[in-house]
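Next up: the structures, one after another.
In what follows, chain A forms one complex with chain B and a second complex with chain C.
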Partner chain A sequence: MPLMSDIVAHYQSQFEQHRNAWSWSGDHSWQAWRQAGWNAFVARGFPSQRQEEWKYTNLAALEKLLLSCEPCVPDPLIWDRLAPQILLPTAQRIVLVDGVFMPQLSRLQELPSGVKVEPISAGAQRQGVYLRDLLQQACHTTPFGALNTALVSEGVWISLEPDAAMLEPLLVVHVTTRAHRATHGVNIIELADRSKLTVVEQSIGLTDQPYFVNLVSRWSLGESAQLEHIKLQQEGERSYHIALTQASQQRSSQLSSHTFALQGNLGRNDLQVSLQAPGAFVRLKGLYRVGGKQLQDIHTSIRHESPDCGSDESFKGILADSGRAVFNGKIFVAPQAQRTVSQQSNHNLLLSDLAEVDTKPQLEIFADDVKCAHGATVGQLDAEQWFYLRSRGIEAALARTLLIEAFALDIVASVPAYPVRTALEELLRGLIHE
Partner chain B sequence: MSLKAAARLLKRAQREFTGNETRRVDLGFPITQNGMKMLIINNLHAAVGEKPILKGIDLEVRAGEVHAIMGPNGSGKSTLSNVLAGREEVSVTAGSVQYLGQDLLALDVESRARAGVFLAFQYPVEIPGVGNVYLLKAALNAQRKHRGLPELDAMDFLALVKDKMKLMEMNESMLYRSVNEGFSGGEKKRNEILQMAVLEPRLAILDETDSGLDIDALKIVSHGVNSLRSPERAMILVTHYQRLLDYIKPDYVHVLAGGRIVRSGGPELALELEKQGYSWVAQEGQEAQRGSGNATHE
Partner chain C sequence: MNESAKTLEDLIAQEYQHGFETDVEADTIPRGLSENTVRLISARKKEPAFLLEWRLAAYRRWLGMNPPQWASVQHPPIDYQDIIYYSAPKSQKDGPKSLDEVDPELLKTYEKLGIPLHERAILAGVAVDAVFDSVSVATTFKDKLAEQGIIFCSFSDAVQHHPDLVRQYLGTVVPVQDNFYAALNSAVFSDGSFVYIPPGVRCPMELSTYFRINAKNTGQFERTLIIADRGSYVSYLEGCTAPMRDENQLHAAVVELVALDDAQIKYSTVQNWYPGDKDGRGGIYNFVTKRGDCRGANARISWTQVETGSAITWKYPSVVLRGDNSVGEFYSVALTNHRQQADTGTKMIHMGKNTRSTIVSKGISAGYGQQAYRGLVRIARSATGARNHTQCDSLLLGDRCAAHTFPYMEVKNATAQVEHEASTSRIGEDQLFFCRQRGLSAEDAVSMIVNGFCKEVFKELPMEFAVEAQKLLGVSLEGSVG
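And then the complex of A and B:
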């Protein structure tokens, strides 16, 4: 075993103290499962910028934070502060606060038939083996994915039976209220054949003190299943938000995922999609927005493993002040994945001389009959457009805001679910006009 | 009588015409009436980068008048429009521009617009993501606010815009598209005049509004412009071709060459240009430059 750094030693003490504390994972097989995650984390170590995957994202500050994941009992009264941030107040929702399922804050009474939404702690006792298998695959591919397996306290398990459909959006809300807290959570979404779901995932911070949210999501889409996913990162000003999402798609399934990394000190989203059977299609879109000394890092990987699949990817960034962003978009096309159609774009708007973005398309194509396009731009506001708006009497600052808004709302326009789209538009307008 | 002599007579006539001086209301928006001096350009020199483009423009425009500014490519027509609209790439090196008694050049772009100056762009800009209706509303309300008027509510605003759209024979669906995005050349120019109709400027500058228009679109655009002619409003048509002037009759025609107005006259001057082309003008432009060159040495 390599020499253990201070931070790894700290996490180890957390691991030793709390590994048996979570009620759902006391039995022996869960312990072995956690141990495997821990071993994988130790083998990888805490990431550094010497590693290609973390080249532009400096985690030195997170490395110095000695955070606690000790089990806690959240106060339901935080609802007063949380409620205004809930995107769709009347939607069905599951709420976790500081890594604890909060039935009093959730609304799960009106789920359609064939749709099950429950905390992992409930599912784990009933279907432990199944869940462990499901999560095992995710745990070892990234250091924080492995750490998540070792320390996960709670999560959300959504499963739809064949042909089940939930047309109204379902909200999954992760909230952090405590300073110096590390929350390791999971989200599982299983869509059986031909089922359909719209899910909005909100990560909300209600403290301005440092904390760390580490999420692992596993999605599986059966034949002709449709998942529409929208993620809203609205973390606190000194937060660290790291999320790994892994999706696998069967024949003719459709996945649409929009990531909005809007607030928070440092965010890292790894989105890994595997297209495994003909006709599968994925659309990955997103918007990141940084100011001050914030950083957002988006790493995507789309693997075309089968012929006749499609992917459409577009991320946009707005960078102000000394904000930084990273976009790394990997497209892998396996030798058998003929007739792949893939498109990727990344556009960045720099509003300051000090802002910086590192954007990198990464195409690995081993099939010969494919259409793969990609493009990346980094630019400033268009002077002509600005002049045009002002020449109509619109004040310079407002004209600038309108142009930033137009750049950003383009990503929202492709959100198919109407109530989510309008709520997002309003939220983004509010943030940009701030 | 030579053209030069005619222009001199005309200028004298203009000087002798005593219009009412500008009156300003407290709301900050000028009330204008027929014959009032609206724009006085005096010895205007302007450069783009290091390159001098305008080399001493003199022009007076009164309320109710339509002036056409013609000239060959590179004569400075668009630069003149851009100086008036406040484009920052053009730097004024000498001279002055008075608009309704105030120094136009001291105002920023949006203040000029709010004071009633409107530029119809030669190349209207596409702004993906900003709805056409949103721009119209934001612009109108910004201008109304400046004039101390309440913002129009959504219903009144839509009624107003739809009314103006009929005038421009525009499909209502264009309201909900992004500004000029994917519009044809003709649609873009119609959209410019629609904005003008909604914003009701005091001084409208139409920069090559006829360029890129087929004959049907030209008729629609001209009809729109003509319907906006009024005793309180002045217009400057900047155009290369006489064609536009068949549909919008100017009161005065000025010929720009080498950065100066080398001829002024009535509508018949445009016809003469159409017959003779611009070559003679270019010659006069050179002479004018030589003249100004000598003058500076004296």
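And then the complex of A and C:
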């Protein structure tokens, strides 16, 4: 066995101690599944900046934290603190606190027919083989995906039957209340043919002490299915948020995903989409905002595996103080994926001399009948726009806010779900005017 | 298959035109690489001690290094012991005193290649330093240039006659430990060109080097060093060919450019090394390190390259923008056909204030060609007001080729403006239809569209080169449509 780094040894002891603690996964097959995840993590090791995928994101601080993965019983009385943070208070929702499903905080009574939302623990016994297969594919591709498999405590499983539709947004809320813990969660969304769902995923931190949230999401979209996904990252001041999302799309399915990485010490989102049948379309949008010494890292990968698919990607970043951002957007077009149309852009607004952005759009194209374009810019507020506002008597602070707002709200404007869009606009305005 | 498509197939299958071999007796050292090889090369060239020490240091560094794995090219591992590191045409052992003394066989070779070495050179106004395998065989116009204090000679001559300049600048732009191939080159480089332009002098003619790999199993490791002193200007051209062979041959060159205050260097390359046959047998591995250093304020370095040859190209001509207000430019057309692979691009490192850089990269892939643009734009914290614009476009001809783009942007200064745009597409049916409808043949139409695609780069090339580049593309490209 190769020499283990301290952090791997730490997680190994956590793994050994708690591997039997999650009641839902006690049987032998689940144990073997966890073990496979653990082995993959050990093989990959804890990531360092020597690896291309982590070149610009330094995890040394996370590596030094010896966080507990022990299962806990959360305080059910946090609702008063949580409520103001919930984006849509009246929507149906499923709430997990510190990696535990909280029925008393969730609202799942009014789901339309054909829509099932339940914690993984409930489905694990009933459909273990199916779930393991589903999660297996995800787990080993990144070190944290593998670690997630070894240590996952709970998750959300959403499935829609063919033709089912949930028109009101569904909320999935992951809350962290306790510090010095690492929580590993999963989100599964399965849309059968022609089904339709809007889901808002919120990650909320209620502590300003260090903690680590490690999420894995698996989405599958059947023929002509439509998924609209909005993610809001509102983590605590000293948090680490690492999330891997893998989506597969069948014929004529449509996926729209908006990522808003707004708060938190360090955030990393890996979004991997595979367009597997003709006519599938994906829209990935996002906004990251960093200040202080925060870092947000977005890695996206869109694989065009089949002809006649489309992708539209646009990420924007606002960087203040000593904030840092990383964007890596990969578009892959397979030899058979003729008539692919793909568009990608990344725009960054630097508001401080100490801020830094590292952006890398990336095209890998093996088919000839394609239209692929990408663009990336880094700059400061436009001098002419600034002058225009100032010359009309608008004071400096307001002019600045207005310009930043215009830059950011562009991404919000493309959120199709009306109630989510207005709630987001309000939230963002509040943040920008801070 | 319709008739026009057939003509295109014929055209695309056209063979390499410079694939002849010249039969000259050569002075060749045994194959293999060791400290003794390095010493032997140094001794043959009667080098001063400092250079031997430098070579040995590089060799020792090289031993501890690994070949880079990150490029998106594939080739079997190279056996560095199976290469001949020094090969010189024998009759040149004592060095030619004038052109008349140069082996007529050699001159014929260059004539075939169409290089203006004789009086034609005067008409063309091009001063040529021709490098044959490992040594420089003739440098024209030396005296005329010397009148203005310009030094243009082979690297070995520079080592003999201007050791101080060599010592001052060698390895300051590309340090020996820079990368695997640069370290190898530093250890075993055999010859190359040396240019020094004194302060305030505008070099009156285009300087040019022609590289040719002739002998079998040899590697070519040339080293070029160009220094433009304050306020001077030089335009430098480089061309390359090699005979057809079934084995792969290694070419690992290093080019260093130094531009001091207000100086300007324009470096143009038309690279037409043997690309291998249509099944990918043979061809040159072109692993080259090229870098310019804008050391002074208002300096300007411009790279223009047309890459049509080589089995594998691994090349990133870069500019370090150290001086305030300095400018870096990179214009590139790269073509991969048959089984060729190219991983090429540039690095622009902005350090000085108000530094500017422009990158225009045009990639054309046909057949099974694999092509990648890999670029880095780094804006250091000190580079207030820096500006970069990057444009990289790929054109795909045929459904078996590939084009990749890997641009890195690292920005640490809020006043910087960095823009990148890229597109990938093929020649549109409608464009072709438009041309065909107006009576152009399919191949003329494709040639016209491709030339239009490359125009931004070709206009940066000196006249003679632009014509040659267009012809080269014409030969190896037309078709793959229909």
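Just so it is clear, the second predicted complex is superposed on the first by the 434 of 434 C-alpha atoms of A that agree within 3 Å, B and C clash if a C-alpha of one lies under 4 Å from a C-alpha of the other, contacts with A are read in each partner's own complex, and residues count from 1 in each chain.
We adopt the following convention: contacts are C-beta pairs under 8 Å (C-beta built on N, C-alpha and C of every residue); 3 or more make two chains touch, one makes a residue touch a chain.
None of these values were measured; they are calculated from a predicted model.
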**Study point:** Joint occupancy of chain A by chain B and chain C, clash or fit
**Key:** fit
Check your understanding: Can A:335 be said to touch chain B (first), chain C (second), both, or neither?
Key -> second
Exercise for review: Could you look at A:385 and tell me whether it touches chain B, chain C, both or neither (first, second, both, neither)?
Suggested key: first
Check your understanding: Which touches a greater number of chain A residues, chain B or chain C?
Key -> C
Exercise for review: Check whether A:355 is in contact with chain B, with chain C, with both or with neither, and answer first, second, both or neither.
Suggested key: second
Practice item. Could you say whether A:193 touches chain B, chain C, both of them, or neither, answering first, second, both or neither? Key: neither
Exercise for review: Return first, second, both or neither, reflecting whether A:425 touches chain B, chain C, both chains, or no partner chain.
Suggested key: neither
Check your understanding: Now for A:409: first (chain B), second (chain C), both, or neither, which partner does it touch?
Key -> first
Review point. Given the touch rule stated above, what does A:373 touch, chain B (first), chain C (second), both, or neither?
Key: second
Check your understanding: Can A:395 be said to touch chain B (first), chain C (second), both, or neither?
Key -> first
Check your understanding: Looking at the superposed set of three chains, what is the minimum CA distance between chain B and chain C in Å?
Key -> 16
Check your understanding: For the complex, which residues does chain C have touching chain A?
Key -> 70, 379, 381, 394, 396-426
Review point. Hey, which residues of chain A end up touching chain B in the complex?
Key: 382, 384-385, 387-396, 398-399, 402-403, 405-407, 409-410
Study note, to complete from the structure: chain C partner, complex, touching residues on chain A are 52, 56, 335, 338, 348, 350-380
Check your understanding: Okay, in this complex, where on chain B does chain A touch?
Key -> 85-88, 108-110, 112-114, 118-119, 121, 124-125, 127-130, 134-135, 138-139, 142-143, 146, 178-179, 195, 199
